[in-house]
Each structure stands twice: as structure tokens, then as C-alpha cells.
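Heads up, the next two complexes both have subunit A, just with different partners, subunit B and then subunit C.
Then we have the complex of A and B:
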């Protein structure tokens, strides 16, 4: 299907997908031990709820979500907890592979709350890379009307074929997962965006399309061009909508999900199976048996590569993620997490290090490939000069770090590295600036907590008094003025500020998953304390008044 | 992080990628070959001696300054940019220019215009054109006399290069370029009358046309290899032709035809090899278009109303001056940023 819309820039990369896409999808062997980091998602790390020595089954919760933007964590094997640290939990397998599953839910009849709770319990996060908790994302319609759910199946980075394989094997399931999300967010259309280099997945989807009910699904095949799988780029390409700078797809009525996430959602709802495994692409010239595997979370990367026949003498580096945006692993003793979509065991010939950097000759090639229409060369200039005002004015924070500019740079300047450094420096400055603000918020929280405790105490005291008084049936003097209306207004205001704090937190977390959310969580907690205090006061006031009204009514 | 980079990709895809900076420079040098060969064919070996001398000066001066600046000489010479500057200046000079003239030009180009500003990537002005402009204003006798086409080895070639030829004899050897001749025809002489007198030595106009076409061929090679983008040459040639046509239509008896402007002088050489120097040109696509239009307009303006017969060097240098301004005012709007609503343009930056 021709697409009339386009995003600026982009590059045509060597795809190198054949090696892993030709092999069939198989289960990786059950690991004898898994290491599960507490932070496999954006937001706050989860809090462990098991101790060393505890027996666990596949799917038992081992760490609970902490704060609003966080996610539960489950074991991926059955066995014994051997170690719990502040960063991770280690489990030794008993080889039984016993499961603990939640009851199956019929999503068509299940209520909204039930479904959201299921996503929350199952620890589902976005498997495309950002790891944003899906239950928070599904609640987006509380703030924005969602018209279209986009299934981002572009998978535009070279090497990676995890979504391709998932779509070929589970097209119906993925579409059903999409229907669940469409139901939750109220989307009226589902659009699948897929690059034309995945004919088998496209065929599988076309067959499954007809059976997908009740929201109509449209399949749009787009030309292969990096980075068409960028959320904003794909939305532009499919729907010709511009997500505003600093905003979210929801601002233009769109929600984006990765096929793998939708599959996990369906498994969570239908089979009651929490997120304990994912599809990982194992590829690269240094691997003898490339392909996609269902891998239990926490499996060691080293074991996984060994099993796939890694040639250590040829191996130069292992990259987690794609060759454009992924990161080289410093050690292979690292576990597969919810975010590991691809492991590339690359030889030196395959992905050679860039030659030495030479001066920028202002050729402008970077500008012509930038998918956000930034001026990478000016940004490079100002990033090196640490000219922060100019960096902000040239919209550094609109950069999606796709690496197209670094890819084409004839002078081999690591542009994205510069931008990342500049971004983190600017973020640090902002954090410094907000520290004072943070202290103020801490103080406010303390005040709110004390006020709530006071209100609670008052209410209990009064309840006791009322109980003592009731037998004697002496009504409280109506002269004691109770400003019920004022309290109701205060209560509504407190409720609104909780909503507002939740909204801000969700927005910030989704925009920038790397940012610390302590302060916003604190503000939310403050608002919640205030709300509780207001509730107590209101309840207390009603209590006071009800005898009055009762006594008024009786005569 | 981008572990992949275009020059590290050994796939078929590589053919469509931009080559690294050093080979970019070498491609430009290769693309000058048709032009230099055609010029030598018509104007003699003096063209080749110009290019070789200027290139040698370029590399030697660059090495000397890099040494003074304590920079890695071998690594930085490897980018071939000094060699290219030499080739370009050598090709712009009148054939068989004396060695000292070339030397002075290259000192201005490499030492002053390039290295004193910080070396490759930091020079605001096109080095070759700085050298050319300096020579043009300092040594007009040598710079404005262009030998008529007379075979590979013209008379007094070696004496001319060695700088031992007396100035009086220079005049007898050299003639004027077509642009020069046309400029000095005088207001009273109509264009048709001027051409009727066959003012130029036999074959001059024809030689210039062939040279122009040879530069065009080199330019097409650069475009095909994606070494340069089309924006600057097209904008420059476009504005030059449009303006020349307007003048010509308003008074064909006094103004030269657009084809004359296009094919003689340094128009096509300038459009593909000089104005496209990325370092001193505007960077955004919109900026490049404006930059090219500016050069074309200035060339016609100076040729028609100014004191010099050709004007590519001055036009390019003047537009180099405008680059910071062009860059500032031609910033594209990033996707997702709101459209500029109010306020003065450029206020955001």
C-alpha cells in the first residue's frame, strides 16, 4: 500500500536480518540459575518480597512494584531463592519448571479494572526497548482520548528479527492482544505499521486480519528505511500526525505498542502467565546457530551465546539491541532482561570500530538524514563548546538518538555520543536546580502527613465520643458550626491535585524513562496525604452533622 | 551509540553511502581532471604547471604550518584538503603563471585563510578564492592577461613559469578573456557590432566553451557520486541564468547573452568546484539554496556593473561572509516543534 506521508531524513542500512530470520523460533534450554535485576523497566526499581531460601514457582512474584511508575517482577524458573541484593535476585533451578498461573480472564467480558489489575500483577512492560509499564500506559485514556492504536512492527534496526518471528508465529494472538489494549484505551482503529522487508510476517498478518474483532485492523506496509520504527516517525508515516515536541503520541490521540508486548499482554490475560520470558534474537557472524529463541528472563547472556555456538576467537563485541541504538556489553555475565530484544555477537570485520575522527567539514550530510529535521552539525559544535543555551535552542532534547547522523558522517564524528553527554549534563544541571525544590516538597510532605495524622486522631476521638454519647441520645449542639460545604470543596480540590500529580508523573515518566521520579512521587504522596486528611475531616464533619439532621428530621 | 558507520559497512549498500572525508577530497580532485585536461589542450602545458606547482606549495605549506601548530602532520595531510586547494587555485590562474605568483597565492590560501583560522573545517572563507582574490588585486597585470589558445607548448612557456620573462613581452604573449573583451567594448559599441569585428583571437570563444563543458562533466560526476548536493550549483547557475536573461531581454544590444555568461569565465567551475566547498558554504538545504542564488546574482552584478570582468571569486567570498547569517535564518523546524507564530524571525536563536 503506498503511503502518502513521510518523515524527513532517514538512511538505508544494510539489513543483515537473513541469518536470524531464516531459522525457526525455538525455546532456549531452561537455565539452571537466573539473575533477575530489580529494575527492568522505567521508573522505580521493584522491592523484593522474598528472602534467600524461599521456594518459588515460575510466575511467583518476587518483587513488588514501588511507587506509581514501576512494575512487578516474577521468577522465570522454579527453585530456591539464593541471594537477594538491592539490585537483583538470584534463583537456583530445581529443574521441575513448576508454574504458578493466575486464573484465565475472558477479556471481552472482564471489567476494565480487572484487566488493568491483571496487567499490573503480571509485570508487563513495553518490550520494544523503553520498558514502560503497560498498566500505566493503558490508563492513558483517563487523560487523552485515544483514536488509534498503532502496532509498531517496523523493526527498522538491522539484525533484529524478534518482532518479525513473533508476528509470523503468533499473528492472531498479537492481534487479540491489540484488541485488549484497544478496549482498554477506547481506540476505534488499529493500524499495523510494518516494513516491506518482512513478507512472511505481512502474509501471516493478512490472514489473521479478518478474524480480528471488534475493532477494525488495518495493515500498512511501509518502505524499509531507518528509523521508520521510531514512534514519532511511524506515526507521521502511517497517520500523518506530528507528535508535539516534548509530548506523547497520546497528545494526537495515538497509542503505540510493540507486537511482543501485545503477545505478553494476551498471555497475561488469557493464560494468567506473567512476563517471565521473551523472544530474543541471537545473531552476528560469531554465532554458529543464529536465530530467535524464547528465553526465560534472567538467563545469562554467556550461556545463551554458548548454546548458540559462539566462536570466541572471532568474537569482537556483543551488542545488546541493534547496531544503531544498542549498547556493547562490557561483560557477558549479564542476564537477559525484559528489554533484551537482540544480542549481536559481532566479529571485527562485521562491525569495525570507526576510523579516527577528523574535523567536521560542514558537509551537511547529517542534516539531510536527521529524521527530526535537526541540525546535527550545529548541535555537535555547541555540544563540544558546552554552549547550553544554544543547545536548547537548537532543540537538543528533540533528538531521538537514532544515530543516522553518526552513520553517515564522513569525518566519523561520534555525534550521538556527544548529544548523550550533553543531554546528561543538562539533565544534571536541571536536577541541581530542582534540589531546593525537592527539599521544599519533602517539607510539604511532612506537613501533609502530620495534618493527616492529626485529622485521623480527631476523627477517632470524635467517633469515640459519639459512641459514648449515642446511648444517652444527646445530640451534639447544632450551634457548633460545621462548614460541610467548605470541607467538600477542600476534598474535591485535594482529589484534583492527586489526579494532577498522577498525570504529571505519568507524563514525565513516559517522556523520559531515564529521569529520576523521586520528586514527583513525593509530590504525589503529599497530594495523597492531603486527600486522606480531607477525607477524614469530611467524614468527621458528616458524623457530626448526621445526629443533627437526624434530630431535625424526627420532630 | 551507533556501532554501525557508513564507511565500516562492507555491503552492497556501501555504494550509495557518502565516502569518508579524505576520499571525498580525492574525488573532487579526480573530478577536476576533465576540466584541467581540456584547458591544457587549448591553453597549453602552463595549466598543468600551474596545478602541479600550486599543489606542491599547498602540501608543503600545510605541512609547515601543521608542524608549527604541533599537529600530527601525516594524519592531517592525509585528508588531501591542501592538495585540493592547490589544484583549484592552480586551475583558476592564467596558464603558465610565474612560480612566485602561485607561491604568494598559496600562502594566502593555506596559511592565512585556512590554517590561521584553525585548519580544515574552521575557515570561514574559501581558501583558494582568498588566494585568487589577493593575487587579482595585487598583481592585476599577471592575473588579467590570458594567453590565446595556441597548442600544448606556447612560446616562452618556461621563461614565463620561471618568472624571467620581461613584463613588456608578457603583453605580446597574452590576450584578453572573452568576458574581459566584452566588458571593455565600450558603451557606444553595440553587442552585434562587437561580435562582428571578431574581437578575440581565433578559437578563443570555442576553447572557453569546451572548458566550461568539461567542468560541467566533472560536476556531474561529483553529483553522481553524491560528493556534492545539487542545491548550490543549481541555485547559483539558476539565478545567474535568470538574471542574465532578464538583462539580455531588456537590452540585447548591450548585455551579453545568458549562454555567454554560462559558458565563459569561471561560472561552471565555480558552481561545481568552488561554491560547493562545504566548509565555507551554508549548511542547511534552504541555506545552500540562498547561498547559491546569492553567488549567481553577485556574479552577474559584478560582471555587468563592477570593475572586474569575472567575479566568481568575489561573489563566493562575499557570500562566505553571509554564511553565519544564512545559517541562523535557515534553521529548519524540527518535527513536532510548533510553527513560529510571532516575533521577529530568528528571535528563537
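Then we have the complex of A and C:
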């Protein structure tokens, strides 16, 4: 079905989805032990709230969210906590699989606050890959008006079929989850974007859509082309809206959610079941029984692959995520996290290592496939030359790291690797710059405080001297002429800077309540210290002036 | 020709030009008074490039005073925490020649750590810290707020019992940087021409 709108670039990849999409969705066996990393989401890691030896049930909270952007963590099996470190919590199973569930919530009658609190408690994060906490995302309407909720079911990367299977098995539940989010963010339309290589899922959705929906839902089938599942690309394709550079979809009134997340949201609200398991695609030539499994979080990748019949002699590498954007695992002793959507156990023939890199021949192929319409060639050179200003000017941070440029490069240059390195370097520089700014403000505050203390001391000394001198009534030495006018100007300037700092603080606090205001508060405090110092100096000068004038008038 | 020459024309031209001169002069005068700023904007720019460790290794009490000194013509190469990168940035800004760093470059960022068992609570380090990153009171143990410490070393000298160590700062995993070995061949034409080849002749 040709679409009127389109995003630039893109590539047609061998799909290789058949291997995993044909088996039905089954539950993976209960693991005997789970390892749960404290950071399975973007933002701050969670803080453990259990100690070794504690008995836990499935779904009890083991780590609380820390800071603004963070998420709770729950156990995925019942048993005993054996180890708590700064990075992860290990739990041994007792084999009982006892559950701890929150009470069911009727989302149609429940209040907004109740629903948000439920999402928060349940530790729901975006299961598409970024892992952004859903309760924060649901509060987007506090700052932006949302018109459309997009369900991103494109799943454009080869191999992965987790969303496909979720849509086939739970179309009604996913649509209901979408209604919850639409209610929370005030969206008036829901659009499902799905690639045309998932006919069963499309059929299941069409059947589910026959039921009446409170918010109208539109199903849009788009042609299969990588990376149509990118948030910006999908929004362009479905709605012909351009998300501004450095902005969010919310800036154009759109919110994007993954079907898996919506399913988890429904389970959290309706069944009171926190995020303790997810659908993972197990695929690759080295696996005997490929397919999708409901996997408890924290299950070891090794156990999971062995259960699926991995052939260790044929196995070359295991990739977590898709072949384009995923990362090869260095060790199989890693757990499945909230962000593991796919595990590819690839043989050497299936995903051979890239040939040796050759120099760029300036063919320009990368530019024609870039879905963000960047200039990958230029970025490549600037990244290697570490030319940071040029990188920013050529919008490095708009790169979605889809890997289309590396895929088509005839010289086999790992372009995305360069971009990732450059991005992390620039990010570090920004962190350093904010740190330096912070240190500067603290230094200025200290200087102001010392000046104020000095002024106070001087004033007190002056007062003491004046008291001693008064009985003898000798004229004060007018040799040090007091610059009263200059001090008054300094005082007025200090007052103005306090007002200015207050205004800036108020404005920023209103504009972006999430932002940390520490530095601005520090600046305000500095201005206040300066004002105090000026006040002391002025008062002292006036004191000095008055005996002066008195002595001058008397003769 | 005599028709076109008139004293009136010349006088009016002179008058208009003089008038314009006076008007614009007055305007500039008013504006320069109205929008006068005490601080030098160039100093602000220099200060923004300095690393703000406030360590005083340049011989000035803090980064801001050094920025002012640079503006007065002091050398650019007195900032070891900033290293070569800062020198080059300053040289670019001021249009001066970059000079080699005066002193040893710091390889990694450090953070002060007080061995609390040995601290006698003299508060001398608290007074020395330029960013108020040490907390404690007289005769009570002191400690360093790691996030606020700039690693400037200024607390080491005043300590009478030498209980302060400078430790390498632990970077969070999210700030991990890959080690890059830049490839010398970026473009095909970067390849070294064979000696005596076509390109060698042209060069």
C-alpha cells in the first residue's frame, strides 16, 4: 500500500523473521535463580530495599526508584534474596512461584493520579528499547497538548518478532492498554503503525478493532522498509509530521508507545501485576527451537538459550537486540532485562564479521540511505578528526544510530561506531562543562560570603571605635574620604542583581519544573550575600559620615 | 554652469552633514552611557573556557582572576588542569599563538579524600577549599563532598597531619569512554603516494 508521506532514505533488509514468528508464544521455564540489575531503564539506577536473606514473592518491590527519572524494580520469582550489590540483586527461587499482586483497578473509573501511581509502582518502562519510565511519559500532557497516540508496531529490524507475537496473541489487551494511555495523556486519536510483513498481527488487530473503542483507533499498514520503526520516521510516515531536531514527538502533539509496553500497562492496571516478565524473541541459526517466550526478568541468557537448544559448536556470537542496532554479548552469563527484546544466536555463516575496513571512496551511498537526511560521510570525517563544533553543526545528535549507512558502505566503515564514540565524547564534555559552571558558582558564592563577613567585621570594628571615640569627641580623620555615592550605586546594583536572580529562578522553575535549580539558587544566594555586604558597607559609611558632618557643622 | 553653483547648496549640505554628525554623536553617547557595563565581556569568555577548578596553580586566586590577567596580557599556558585543550581554545579566542603548557599536565581528574580516623578537626582545609566542598567543625571529623570537589589540591598543604589523599575520581559507567585509535587513512587519497610515482612528481 503506497503511502502519501515518506521519510528519506531507508534500506530493504533480508527479514529473517520466519524462523521465530512461526512458533507459538510459550512460557519459558521458571529460572532457579535471577539476577536483576538495578538499572534496567534510562535515568537513575534504583536503590535496593531488601537485604540478603529476605523472603520475597513474585512482584514484591526489591528496589525503589531514585530521583526524578527512574523506575521501581520487582522480583520475578519467589524465593530468597542471596546477594545485594551496588549493581544488581540476586534471588534464589523456592520453586513456589507465589505472587504478590496489587488490587485490580478499573481504569475507566479510576482517577488520573491513581493510574499514574499504579504505573509508577509497577515499574513499567518503555519495552521498545530506550526504557523510559512510563509514568513520566504519561505525564507529558502537563507540558504539551497531545493529539495522537501512535502505537509503534512497525518492528522494522530483521529477526525480531516479539511485538508481532504480542499483537497476534493479545490484540484486545494491547488496544485496551492504548486506551488507558490515551485517557491519561488526553489523546483524541490512536494510530497503529504496522509493517505489511505481519499479516497475522494485522488480521488479529482488525478483528479486535471490531469492538467499539472509546477513542477512535486507526490501523495503518505501511510498506516494510528499515527503519520505519524509528519514532520520528514512523510519525513522518503515518502523520506527515516532522519532529523538530532536538525535540520530542510531544512537541508536535504525538506520543509513541510500543505494543509490549501497552500490554504491560494493562497487566499492571487490571491485574495489579508489575513488570516482572516480557516477551523475548529467541532466534538465529544456532538455536534448535526458535520462537518467542514469556521470560521472567533476570533469567540468565545462557539458561534461556540452552533451553531453546543452542548448538554451542555452531554458535559464533549472541546479539542482544536486532542485528542492526543490537549489541553482541561478551558473556552469556548476563540476565534478561526489561530492554531485552531479542536474542540472536548466530552462526558464522549467518552473520559473518564485517570485512576489513577500507578508506572512504566518497560514493555517497550513506547519504542516500540516511533516514534523518544527515551527511554520514561528513560526520565520519569530523568524528575521526574530533572536530566537535562541526559535528554539532552537522547535527550528530539527530543520528538515530540505525546503522543503515554502515550497512550500505562499500568500504565497510563502521560509521555508527564512530558516531557513538563521538556522541559519548561530546556528552562527557557537556557534563564537564556543567560541572565547571557549578564549581564556578560555588566559588563565587564563597567569595561573596567572605566579602560579606569581612564587611560585617569592619562595620563592627567601626562601631566599637566610634563608641570609644565619642566621649573624647575628637574629629574623625577625614583623610579616608568615604565614597558614599559609589557605595550607594553598588548597593543598588546588588539589589538589582538579587531581583534579577529571583526572576530568572522563578521563570526557569515555571518553564521546566523537572530541571535542577541548584545552580540558580546558588546564584541567588551569591547575589544576596553581595547585597548584604553592600548594605553593611553602606551602613558603615553612613555612620562614618554622620560624625564627620557633625564635626564640620559644629564650628 | 554658474546656475548649478550656489552657496546655499553648499551651506545646506554642510549644515545637514554637521547636523547628522551631532545627532548620531549624541545617540552614540547616550547609548554608551545607557548600556554601559562594568565587566569586560572578553573576561567572561575567557573565564568560560577555564576549567573552574579554582586551584590557583596559575598563581592567581581562582579562575576568574586568571581570566582577568589573561585579558591584561598574561600567558595562556599556566593552567595545568585545563591542559593543551584549554590553551588551544584560549589561543583561538584571543588570536594568540598557543604555547606549550607550563608545568605537568594532569592525566586524570582527582578527588580529595580525608582519612577520617586521622583527622584532628582543625578546620584548616575547610578554610582553604575554594568551593566549600569540605564539611566539618572544630575538633570534629571533616569529610569531602565528592560531587563538589574539583580536585584542586589546595587542602593538602594546610593539613597539619597529612590526612588528605588525592584519589582518582571514579567515573560512573554511563560516562565510560571508548579508547579510540584513529586510523591514518580516512580517504583513499590519504594513502601515501609511492616514491617516484605520479603524485611525487606533481608535488
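Everything that follows uses one rule, which is that the second predicted complex is superposed on the first by the 434 of 555 C-alpha atoms of A that agree within 3 Å, B and C clash if a C-alpha of one lies under 4 Å from a C-alpha of the other, contacts with A are read in each partner's own complex, and residues count from 1 in each chain.
FYI, a residue touches a chain if its C-beta (ideal position, glycine included) is under 8 Å from a C-beta of that chain, and two chains touch if they have at least 3 such contacts.
On a predicted model such as this, the values are computed, not experimentally measured, just so you know.
With both structures placed on the common chain, the touch criterion links A:442 to subunit C but leaves subunit B unconnected. Applying the stated contact rule after C-alpha superposition, one finds that A:425 touches subunit C and leaves subunit B untouched. Of the two partner chains, neither subunit B nor subunit C is touched by A:466. In the overlay built on the shared chain, the residue A:349 is in contact with subunit B alone; subunit C does not reach it. In the superposition on chain A, contact is made by A:384 with subunit C only, not with subunit B.
By the document's definition of touching, neither partner reaches A:116: not subunit B, not subunit C.
Touch criterion met: A:14 reaches subunit B, while subunit C stays clear of it.
In the superposition on chain A, the residues of subunit A contacted by subunit B and by subunit C overlap at 359-362. The touching residues of subunit A, counted against subunit C in their complex, run 357, 359-362, 381, 384-385, 420-421, 424-425, 427-428, 431-432, 436-440, 442-447.
Per the touch definition, subunit C reaches subunit A in the complex via residues 47, 50-54, 62-64, 130-133, 148, 150, 175-178, 180, 182-183, 185-188, 190-191. Across the interface of their complex, subunit A is touched by residues 1-13, 16-22, 24, 75, 79, 81, 119-122, 229, 278-279, 281, 283-285, 288, 327, 331-338, 348-349 of subunit B. Put simply, subunit A touches subunit B in their complex at residues 7-8, 12-14, 16, 158, 232, 236, 242-247, 317, 319, 323-328, 346, 349, 351-356, 358-365, 367-368, 371-375, 377-378, 390, 393-395, 398, 403, 406-412, 414, 416-417.
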